[in-house]
Amino acid sequence: MTPIDPAPDPSWGRWGPDDERGALNTLGPRAVARGLACVVDHVAVSLAAPIVAGRSTGAVGRPAPAHHMLRDGGDYAAGLPERGGFGFSDDVITLPTHGVTHLDALAHIWKDGLMYNGHPSTEVSSRGARRLGIHTVGPILTRGVFVDLVPAGRSWLDPGEAVGVADLRAKLDAADVTLEPGDALLVRTGWTQAWIAGENDPHRWPGLHADCADWLAEQDLALVGADNIGVEAFPSSDPDCQVPLHLALLRGHGVIFCELLDLAALAETGRSTFLFIASPLNLVGAVGGPVAPVALL
Amino acid sequence: MTPIDPAPDPSWGRWGPDDERGALNTLGPRAVARGLACVVDHVAVSLAAPIVAGRSTGAVGRPAPAHHMLRDGGDYAAGLPERGGFGFSDDVITLPTHGVTHLDALAHIWKDGLMYNGHPSTEVSSRGARRLGIHTVGPILTRGVFVDLVPAGRSWLDPGEAVGVADLRAKLDAADVTLEPGDALLVRTGWTQAWIAGENDPHRWPGLHADCADWLAEQDLALVGADNIGVEAFPSSDPDCQVPLHLALLRGHGVIFCELLDLAALAETGRSTFLFIASPLNLVGAVGGPVAPVALL
Amino acid sequence: MTPIDPAPDPSWGRWGPDDERGALNTLGPRAVARGLACVVDHVAVSLAAPIVAGRSTGAVGRPAPAHHMLRDGGDYAAGLPERGGFGFSDDVITLPTHGVTHLDALAHIWKDGLMYNGHPSTEVSSRGARRLGIHTVGPILTRGVFVDLVPAGRSWLDPGEAVGVADLRAKLDAADVTLEPGDALLVRTGWTQAWIAGENDPHRWPGLHADCADWLAEQDLALVGADNIGVEAFPSSDPDCQVPLHLALLRGHGVIFCELLDLAALAETGRSTFLFIASPLNLVGAVGGPVAPVALL
Amino acid sequence: MTPIDPAPDPSWGRWGPDDERGALNTLGPRAVARGLACVVDHVAVSLAAPIVAGRSTGAVGRPAPAHHMLRDGGDYAAGLPERGGFGFSDDVITLPTHGVTHLDALAHIWKDGLMYNGHPSTEVSSRGARRLGIHTVGPILTRGVFVDLVPAGRSWLDPGEAVGVADLRAKLDAADVTLEPGDALLVRTGWTQAWIAGENDPHRWPGLHADCADWLAEQDLALVGADNIGVEAFPSSDPDCQVPLHLALLRGHGVIFCELLDLAALAETGRSTFLFIASPLNLVGAVGGPVAPVALL
C-alpha cells in the first residue's frame, strides 16, 4: 500500500515523526493566556449552527441528521404509568460528523495516500481512524481572531465567491489585528445564514481563495474556521486541486479546520479577538468531531 | 392530558411563567468572572469520557454508540482514485444522548405529567421537545467546584453506594469551598473508571444520597455533574421515588445535570475550583446533549 | 384517552373482538390452492423496487435508506490480514419501513383514535405496536390479480391522476377476471418507474380514486397493492378525508396494503393472475414491513 | 491489489467468467416445478425468527436491531390533531444484515482476496458491493429439503457441537430423500430456540461439521440454510480454516447460505420436502439480505 510518490511536506516531522496533533502543539497555557487577555465583557457567544433532524447541508453523500425518541411524553399520554415516581424522555441522534458544526480531524484529508506527517491513509478503515482521529484533539482554547468577509449591506457571499489573501490581510489590518502562532482564525461568509434561509447552493459555496494557502501557512495558526462547508471556496479554480487550503494547512501543517459555524451573532458584537473555545465530542476513531464552539468576549 | 394533581413546585415561576432555562438564569458575566478568578495555570482539562462504538453503559433501553465510515482509506486502497487532487474520509455517528458524556435537558424528567416550571410532558413527542429541549441551554461557563467522593485508597465507590449530605458538606469544608449561586458542582464516584475497566454494575451505581436534595436546592446551583449515569445513587432507598435529586433539582429548580463525566484527570490535579465550560451540541428538540466539558484551571 | 365518538366500523368484530389479522383471516389452504391453480410457467417475477442508500421517495418525514459497511474489502486492501483463513464483509441497513417496498401493518392508520377492529391508537407508542404490528401478518400466499392502470403508449400516470371504480371494473372485465374473497389485487400506476427516472412529484401521486372504496370493500380482498406511495391517489378530492381507501379497507376491513411495488416486469408478462407471495420481515412491533413480493406465473 | 496466489477454485467459470449468481443458475422453472410437486397441504410455514429491537445474536461487531417510531399513537394522545381525517404511525428500522434471518450474498466471504468466481474482494468497499451483492439474488423458489439435526428428546445441540457428513447422510436416508441439483437444504440445530431462551453461547454454536464440505459441494445445491449464525459449527476444528463450508460452498460453488432461520415450526410438521421460498430485500450493494423465508407444504 506504499504510495509510489510520497512527496512529504517540508513541515512534517516538526513535532516528531509520530506526531498526531500537528498545530495543536502550538497550544497550551500561553495560548490560553493570550485568549484570556482578550476577554473584557465575560459574555459567551455560541458559534454552533442549529442541528435539525432531516435538514442536511446538501453535500453529496452526507445523510441528514436524524433524531429519534426512545421514550417521550406521548408514551405516558397513551397510558404508560410513571413508575418509581417519575416520567422521563430519552432519545438517540444520528449525525454526519462533517454535516454539522464540527472540527475536521487530521485523518479527514490526504494526497498520494499520505495524511499529515506522512501517516498513511490506510490507517483509516471501516473501524475508524487508528491515527489522527478526533479523539487526539481534545479541548482547544486559544485566542480567536474573527474576520467578517461579508461586505456591509450584503447578507452573504455568493456561491463560489472566493476571498483572496489581499482582501483577507486588508481586513485584518483594518481591524488592527496581527495573527500570532497558535491563533484560531474564523472567517464569516454568511453561508450558514443562506442555508438556514434555504438559499444556499449545495454544489458551490463561498470561502477563502486558494491564494490564501501560503500566507496562512506562514502564520502558524492552530485552527482555521468558517461558516461554510469547507473553509475554502468550492469549487476551486484548479480542477486538479479542489481543496488547496486543506492540503496546505490541514495536511501540510496539521492545522485543524472548523466548519459549518454560525458566526452571525459574533459578527453583531463587532469584536475581532476573544477566547476561542472548542471541545469536540470525544469520539474514538472518528474523522470529524461535532462541537458547539464558544467565543468568550 | 391535564394531570389530575399538578402539585407545582414552590420555586416555579421564579423566572417567569414561560421560562425554559431555569437555573441557567443565574449565569452571565458575573458567573464567568467568578470562574475566571479561579484560573491560575491556564491549563484545560477534558472531562469527557471516551465514546467507543459498540460500548454501551448498559443502561436498559439505551443503544450503544455506533460509528460508520462513509468513505475511508480502505476504499482508495481498493482502487478508488484520488479525484480532484485529494482523498478523504467521512463518517456518521449514532449516539444515545444519555449514554455518553452529556447534559440533561430540562425536558428529560417529569412527575405527574409536569416538567420544570409546569411545562406539560406532552410537549415532548416523537418530533422531540417543543419546550425545554437542549437547544435552549447554550454554552455554560461558570465557576466549577469539584468534590472527590472516592476515599483515598479506593478506585471507585461500590454499586449503589450513596454519599449523604453530611459527607458532602464535610468535604467542601475540608476544601475550604463555599458553594455560591450559579456554581457548577461536580462530584466524582469513580464509576467511569469502573466502566472503562468493565467492572461496573449496569443496574446499580454510586452517587449522591437522596438526603442531599434539600440542601443542594438551597445552594442555587446552575448545574450538578458526576461521573456516573445519573448523579444520584441508584437505586434510591425509596421505591416510590427513584430519582429524588432529579425531581428536587432538575424538575424543581431547573438545575441542569451533567452525567457520565470522566473526572479522573481533574481529580489528579487536586484542584477544587476552576472555570467550568460545557457547550452541548445544538440539537433542536433533543432531550439530552452530548458534550465534552472542560475545566480550565 | 377514550375517543369521544368511536364510530366503530360495521365490519369490526367479524373475526372476533380481539382479532388482529383482519382480512388475512380469508387466507389459508384454499387461497393458496386458488393461487397455485394460476401457475403455468413456473416463473417467479420479483415485484420489489430497488432499495438504494440515500435515495428517498421524497415523502415528508421519511428518511432515505442508509447502508453502512461494518467490514469490507477495502479494509483488507488497507492491510487487515485474513484471519482464520478467510476475509469477509458485513453491513448494516437503516430503512424507513414505509419508504421501501412494504406492507402496511394494520397499526399504520386510524381515525378518531381507533384502528382496525376498534383497537385504540394508544397501543402504538415509542416502543412500537403492541397490537396490529407487522409481526402479526406472516407469509401471505394467495391468488394475485393484476390490473395495469397505465394506458398503452404512456409510461406512467400523471401526479394526482385518479383511476375510478368504473375504469377499474372495466379493466378487470376486459381481462376476464372476477375478484374473489381472499385475492390480492395489484394495480400499476407507473409511479415507481417515474421515481426511478427522477420524474415523480413527491407531493402528489397517481392511484385509485376514492370512489373505489365501497366496491373494493365488497370484494373481501386480503390485500391491495400498487406501485406508488399509498395505493390511492394523493391528494384525494376530499380535504377532510385524505386517505379514504386506507380508512375503508385497511381500517374498516383489515385489508393489508402493499406499497412501493415495482410492477413493470409483471406488466410485461401480460399475465392477470398468478400466485402472489409476500412474506414481510418478522419485525416485532413495527408498523410496516419491508418485503420483496413475488408473482409466480 | 492482485493477490499473490489466486488459487482459483476448479468450479469457477462454470457459468461464465463474469457470472455473479453461482448456484442460483441451477434454478428456474424446473426447480419451481420440483418444489411444487412436494406441496400437498397448501400450508405456508414461516421460517423467520423474530426481530426484536435491542436483541442481538451476540456475534462480535454486529449491532442489535433498532426500531424507532417517527410518529405514533402517543403523539396524538399528547395533543396532535388528526389532520386530513386520519391519524397514522410510521417507523424506521436499523438491521445488521447478518444479525437477523438472512441470505449471505456471495460478496460476504473471500480467501486470498478472491470471492466466488474470482471476483476480487476489492469490489466491496464503503459504498457496498459492486459485484455479488444481494441485489443479484432475487427470489429463490425451489424444492426445500429439511433435516432435523437435533436428536429426539433434546431441545438444541450444544455450543460447538458439529454434525458430520455420515450423520447427515444417514438422516437423509432415513427420510428417504435424495438431494438433487438446485435443492435448498435446511438443517436444524435448535440454536434459535436456545437464543430465544437466552441460553446460547455467543462465541460457539452448533452446526455442520467441516467434513460435510466435499459431499455437499457434489450435490450441486442452490442454497444451504440453518437455524444458527453460520450454518457450519463454530469454531471449526482447524484454526487455519474457520469457515470451511463457506469457502467450499459459498466461495467455491456460489451456493447461497441462509442463516438465523427459525425451524421449530417446520420441524413440528414432520415434513422433509416442500416448496422453499426466500425473496431477500432488494438492497442494492448489500452483502446480506434480510428475509422471511417460507416453506409451502
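Order of writing sets the chain letters: A, B, C and D. Residues in each chain are counted from 1.
The working rule: contacts are C-beta pairs under 8 Å (C-beta built on N, C-alpha and C of every residue); 3 or more make two chains touch, one makes a residue touch a chain.
Worth saying up front: this structure is predicted, and the values here are computed from it rather than measured.
Q: For the pairs B-D and B-C, output the one whose chains share more C-beta pairs in contact.
A: Spelling it out, more C-beta pairs touch across B-D than across the other pair.
Q: I'd like the angle of the rotation relating chain A and chain D after CA superposition, in degrees, nearest 5.
A: Roughly 180 degrees of rotation.
Q: Which is it for copies chain A and chain C: same residues on both faces, with over half shared, or different residues?
A: Answer same: the two copies use largely identical residue numbers here.
Q: With chain centres taken as the means of their Cα atoms, state the distance from chain B to chain C in Å.
A: Distance between chain centres, rounded to whole Å: 44 Å.
Q: Would you please write down the residue numbers of chain C that are in contact with two or more other chains?
A: 1, 61, 63, 66, 68-79, 92, 122, 124-126
Q: Would you pull the chain C residues touching chain A in the complex into a rising list?
A: Spelled out, the residues of chain C in touch with chain A are 1, 54, 61, 63-64, 66, 69-72, 74-75, 77-80, 122, 124-127.
Q: Sort out for me which residues of chain B touch chain A in the complex.
A: 1, 28-30, 32-33, 36, 39, 41-46, 48-53, 61-63, 67-74, 76-77, 82, 84-98, 100-101, 107-113, 120-126, 128-129, 135, 138-139, 141, 238-243, 246-247, 277, 279-288, 290-294, 296
Q: How about chain D: which of its residues touch chain A in the complex?
A: Per the stated touch rule, the residues are 66, 68-70, 72-79, 92, 126.
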